[in-house]
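Chain nomenclature is as follows: A, B, C and D, assigned in order of appearance, with residue numbering initiated at 1 for each chain independently.
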C-alpha cells in the first residue's frame, strides 16, 4: 500500500520534472559536422602562439597499454602543435570506468573553461547532456577511439575501424587456412561496443572465407584470464586449425608454451611489440605459425587533436571522406584505417618480419602507434 | 519444512550431503571437484587426457598457493583482500628485477618477500589495532598498493622472467608432472609446518576460535593476527612470482581476480568465516573445485552471459552446502 | 553558548560525527581547490548533485542493509540492471519512460528479495552471496541488452540536469524522495526494529520482532532505493549500458563505513550521506588539484596514475581517521560517565 | 494468579530446578530468595520464556499454559526486568522503551508524540533524569537498570518479575522503585522480587518463597518470619551477624611463609573501591561474596586484564606491572574463568589443544610443536591429576560443563604457575567434578602454588580455603580464618551485616 503510494508520488515528480525540463528551449542538434564544432578561435598569447587548453578525458588508463600510449601520443601531438602556432596545455583526467565520475569530470572541465575537450568515453552512450552543454559553452568537443553512437548527438568521432580489425584478421586466417578450416573465436567482452564491432568484422570475414568456429570464449581484455581460458580450451581437447582473437593473442601463445601443445597454424590478432617478437622467435627456424599483427593504433587521440586544431582555425571538414561510418545512423565518425599491420608474408615496407626484430624488442609491451600530423590531417580531412 | 512427498527426498538428500560437507569438508571438496571433472568429460569426451589433467593439476597448485595465506588469515578470524594486489605487484617486481636473467632470482625473491611482509604488516596493524572490519581495510590497502604499482611502473611493467625460472614452473617432468609441483614440495610442507607443527599455528587456531579466551591464556592476539597477515602477504608475493614465471611477462593488476578466487577456494575447503576451523588440505581441495568449475564452464562452450549466470548459481549451490551461519534461535 | 556546546557534545556522540568531520574536511578541500565562487555557482552545484546522485542514493541503500546487520556488494551491478530494464522496456515494448522506470525499480526489488532469500533465509555469508549474485545479474543484464544502446526522451534527461527556479538542482528531487521515504519509514516501527535486529537479533527476537522479516523489509527498501538510483543513472546518462557501476558495490560499502556505519545496528542515514559525500568530494578535489597544477605549472604532464593514487590514499587515511575519532568519542564518553558517577557518589555521601 | 508446579530443569550434569514451585497472587509482592545456584534465576527465566522447562507445569488463572518464547510470555501478561538487561545499547532510551510495543499512529507510523509522552511519563514516574534520545550505552549502569525496570512496567503486566535489579541502584533510586512496586501492588499486579539484600525483604515484601538446590523449601509471610530464619532456610545455617569479633584477633595468616601477593587499597573503577589482601606462598585464599561485588574485576586486575585505578599491588616482592595477560602468564600467573563459553574454552578445538592452551601460549612462536607433543602433554596432565574426560581428539564442545571446567583447570595446573587465579570456577559444575577440582587445587597448594579462588558458592570455600576474604560492594567486609570460618559469620559478611559497612555508604 505504502509502496504504491511512493511509486505514484515518484512518477508524479518525474513527470513534473520532465514538463519543467521540456519548457526550457532545447538546442537543435545539428547533424552537420562543420556546424557542430566551430568555436571562435582564441586570441594569440605573448609568444605569438595561440593558447589552447586541452582536457583529455579517458575512461581508464591503468592496466591498459593502449590507453597509456593513447595519452602519451596526445602529449606528443600537443607538444608538436607549437610548430603550427598553438600552445596546447594538456591536462588528463581518468574516470576508472565510472560513468558518473566521468560525467562529473566532464562537467567540471566545461565549467573550468577548457577550450578543447577530447573524450575517450566510458560508454558509447550516455553523454548527450554533457555534449550539449559543451556545445552551448562554445567548447570544442571531440570523441576519440570509443565511438560515441548515441544518435543525434552531433558529435565528431575519431576512431580506428574496429570492424576492419576483425574482418582483416578473419580474411588472413581464411587465406592461410583455406575454406572449411576450424577456428577458435575468442572475443573480448559481451555487452561491450568495441568488442561487438570487432565481432561483426570477424563474423563477416569468417563467412566470406567459409571458416568453421568450433569453440567460443571471452577474455574480458584481461591478459591472465585470456591465458586461463586458452588453457581450458586446450584441456577440453577441442581440435582446431587456427585462433581468432580480439587482441591479447600473445596471452594465448603463452598457454601453448605452458602446456607444450603444438601451435596452431594461425593466430591473430594482437598489437603489442611482445607479440611481434614472439612471432619472430617462433618462426625463426622454420615457418611454424602464421599470424596477424595489427595495430589498433592508439594514435587516434593525437590525430583527433590535430583535427580539432584545424577546426579551431575555422576550417571545414570534407564531406567526401572515404571513412564515414555506415554502421550507425546519424553518427559522424572518421574511422581511420588500420594502417599498421603485418603478416608472415606481407609486412610493412616489404621487409621480412625478421627485419623488425629490433623494433619489436624496443616496443616491448608497448604497442606501435601512428598519429596523423597537423599537416597530414589538414591535407586529408579538410577542404 | 516442506511436507510435500515430492520434495522430501530431495531435501533429505540435500540435508545428508550438507551434513557430510560439514563433517568432511575436504573429502566433500575432492568429491565435488572430481564430480565436476567427470561431468565435463561426460559432456566433452575430449576433455579427458593426460595433458588436460596435467594442466588442471598445475592450475590447482597455483590457486592453492595463492590461497595458503588466505587460509591462515581466515583461521585467525580475519580476511585478506590484498592477495590479488600483492601477487600482481610481486609479478611486476620479479620481471623488472630479473629482466630475463636467472641470476637475479634471489634479489627478486628478497624484494618480493619484503613487499609481502610489509603489506601484511600494514594489514595486520590496521585490522587489529584500528579495529575496522578486515574486508574494508584490506580492500583499501590493496587499492593503494595497486595504485602505487602504476606510479612505479608508469603502467607498463618491464622485463621478463629468466628462462630457467620460467621452465622451473612450466616444464613437465615425464611429460605430465608440472615442474610447479616441485615448489609444492617446498611450500606445502612449509604451510603444513606453520599451521600444524609450530606453536604459532596452534596459537592461530585458538585465537580464531575464541580471541578473548586466547588473550586470557596469555596469547598476544594482535601479534598472532598480524603475523598471519604477514605470512599471507609473503605467500601471496611468492605465488605472484610463480604466476609470472608461468606467464613470463607481467602486467599491472594481472592477478587481481585471485582475491576472490582464493577466498572462495578457502571457504569451499571448509574454512569458516567465523575463524578457528579449517585445514590447508581442504583449501587445496577447494582450489581444485574452483579450477574444475572454470574448466567445465569453458569446456561446455557457453556464451559469456550463460557462463556468468551458471557460475553464480553454482557458487550459490556450493555455498548452500557449506558455511551456513547459525540462526537466531538455536 | 552553553546550549550550543551541549548540542555539539550530543552530536559528537552520534554515529554521524566521524563522517561529518571527514566530509567537512573534503568539502573544504574541494571548495579551496575549486575556488568558492566557482564551487557555489548554481551550475557547478547542479552538476555535483546530478552526477553523484546515483552513488549517494546507493550508499543510503547500503546503509539501510548495514543497519539491519547485513550488506549487498552486488548493489552496483543492480544499478545497471535497473538502467537496462528501464531502457529496454521503453525501447522494445514502447512503454513510456515513467512506466519503464517502474519496471526498473521492480527489477531491483526482485533482485534484492532474491538476495534476501540467500542471506537471511538460507543464511549464506553475505559477502560471498553478493559476489555470486554479481555474476548472475551481470549475465542477466547482457541477456536483456547485448550492447550499450537506447535513449531517454530529451525532456526527461534535460529535466534531470536542469535547475529549478534557476538554482535548485532538479536531481535533488530524487534525494528528497529517498529521504522522505526514509523519514516516513523511520517513523514506523521498522525504523527502530531495523536497529534492534542489526545490533542484537536475540534481544530483538525476545521483544517479539522477527529478524528475518525485518531484513526482508530492509532488502525491499534497499531495492526501492537502488531502483531510484538506477533511474537517476539512466536520466544522467540518457542511455543504457549493461556493464556499468559494478565496483560501486564495494565502494558504497567503503563509503558507508567511512561515514560511521559498523556491521550491524550502528549508523544513520546521515552517515551514508557524509560517507558518500566524502568520497565524491575527494575525487572532485583531485580533479581540481590537477586542474590547478596544470594551470600553475605550464607544460606539466602528470599521468592520471597520480589521480587515483592520491584519491585512494586519502580514502584509506579517511578509514584510519574514522577509528581515531571514534576512539576519541569513546574516551569522551568514559570521562563523562566517570564525572557523572563521581558527582552522584558525592551527593549521596 | 500465576503458578508453577514441580518444575524441573537440567543444564548438562547440573540440576538447576528439581521440583520447585512458585505462586504469585494478584496484589502481592513476593520475595524469591535463595543463595547462588538455588535455581531462582532459572525459575525467572522460564517464566520469561527464555528457557523451556524439562518438566512441570505453568498455569495462569488455573489454566495450564506453555511459554515458548518472550512473545508468549508477554501475551500472558508477564514482564521481566533482567539482571543482565535486555536493552540494546546502541539504541536510544525512547526506542528501547517502546521496542516491540510502539503506539500506532497515522499511516502505519509510530505516534511519536504519544511515544514521547508515554516515555516521558514513565521517566517521570521512575524519577529517571535522562535525555530520552540518549543512547543507552552512554548512561550510567544504575540508570540503565532503572530503564530496564521501567520497560517492564510499561508493558502493564499482570505479573512483574524483577531479577536482582537493586544491585546497581543508588539509595534514592531504590526508594523510587519501591514506591512504584507498591503502586503496582495496589493496582493488583503480582510481583516477584529477587534480591540478595535482606533489609529490602522486610521493607517491601509481603511473602517470601525460599529456594535451595532447585527446590522450594519455605513459603511464608514476612510477618511470620525473621532474618535469621530466612538465612537458615537459604543456607541451612543460622547467621551470627551479631556474634562478636573478639576472635578476629586471629588473623589466620601463616607464619614462616613468604608473602607472594600484597594488595593495598586497591581500586578499580567503578566496581572495586578499597581492597586489602595478603596471600602467602602455598596458601589457598577464598574470595566470597554475592554476585557483582567486585570479585571478577579484582581477579582480572591481578592478571593485567583490568585497569587498576588506585592503590598498589606487590607480587613476589616487586610491584605488579602486568600490561596484559601475556605479561601475567609469563610472570607465572594462571587464570581460570567461570565464564567458560566466553573466556576459557575453545569450543571447536580438540580437548588436548584446550588442555595444552597454556603451554601453547608461552614460548617461541616458531617452535616445533606436533600434535603428538600436545597429545602427550595433555594425556600426561590428564593422568597426573586423574581427570576423566572423553577422547582427547574430540572437540571441547562435546564435553559437559563440568568436564569443560576441569579441562580449563588442568590447562593451568599443568603449567605449574606461582599464582593461580580462579574466578568462580565451579559455576554450573556437578558435585563430583567439583570435589575433584578441590582435590587438585589442594595438591597444588601443597606443592607451593598460591591459589586465589573466588566462588559464588561459599560452602565450597570452607572446604578448601585457608582464609576467606568476603567482598561486599567493592570492599572487603570481613576476613575469615581459623575458628571464624563459620557459615554464620560468612553469611553476615556477605549480606553486609558487619560493622564495616555503614548504611548509605556507596549504597
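Keep in mind that, in the parts below, a contact is a pair of C-beta atoms (placed from the backbone, for glycine too) under 8 Å apart; a residue touches a chain by one contact, two chains touch by 3 or more.
Everything numeric in this text was worked out from a predicted model, so none of it was measured.
Visitor: I need the chain pair with the most C-beta contacts, please.
Guide: A-C
Visitor: In terms of CA centroid distance, which chain is the most far removed from subunit B?
Guide: Of all chains, D has its centre farthest from that of subunit B.
Visitor: On a C-alpha centroid basis, what's the spacing between subunit B and subunit D, in Å?
Guide: Distance between chain centres, rounded to whole Å: 45 Å.
Visitor: Which whole number of Å gives the spacing of the CA centres of subunit A and subunit B?
Guide: Chain centres of subunit A and subunit B, defined by C-alpha means, are spaced 35 Å apart.
Visitor: What is the distance, in whole Å, between the centres of subunit A and subunit D, each centre taken as the mean of its C-alpha atoms?
Guide: Roughly 73 Å separates the two chain centres.
Visitor: With chain centres taken as the means of their Cα atoms, state the distance from subunit B to subunit C in Å.
Guide: Spacing between the chain centres: roughly 31 Å.
Visitor: Would you mind listing the residues of subunit D that make contact with two or more other chains?
Guide: 107-108, in rising order.
Visitor: For subunit C, what residues touch not just one other chain but two or more?
Guide: If we look for residues of subunit C contacting two or more partner chains, we find 142, 184, 205, 303, 305, 308.
Visitor: Among the residues of subunit A, which ones contact at least 2 other chains?
Guide: 2, 61-62, 68, 189-191
Visitor: Give the list of subunit C residues in touch with subunit D in this complex.
Guide: Its residues touching subunit D are 10, 13, 184, 187-189, 191-193, 195-196, 199-200, 203-209, 265-266, 333, 336-338, 340-341, 344-345, 348-349.
Visitor: Could you pull out which subunit B residues touch subunit D in their complex?
Guide: These residues of subunit B touch subunit D: 196-203, 205-206, 209-210, 212-220, 224, 227, 276-277.
Visitor: Flag every residue of subunit C that touches subunit A in the complex, lowest number first.
Guide: It is residues 38, 41, 43-44, 47-48, 50-52, 54-55, 97-98, 101-102, 105, 141-142, 145-151, 153-162, 164, 170, 173, 177, 181, 184, 220, 224, 228, 231, 233, 236-245, 247-248, 280, 283-284, 287-288, 290-291, 294-295, 298-299, 301-305, 307-308 of subunit C that touch subunit A.
Visitor: Any idea which subunit D residues touch subunit C in the complex?
Guide: 49-50, 69-71, 74, 86-91, 95, 98-100, 102, 105, 107-110, 112, 131, 133-135, 137-138, 140, 142, 170-172, 269-270, 504-507
Visitor: Okay, in this complex, where on subunit C does subunit B touch?
Guide: Per the touch definition, subunit C meets subunit B at residues 118, 122-125, 127-129, 131-140, 142-143, 201-202, 205, 211, 250, 253-254, 257, 262-263, 303, 305-306, 308-309, 312-313, 315-316, 319-320, 322-323.
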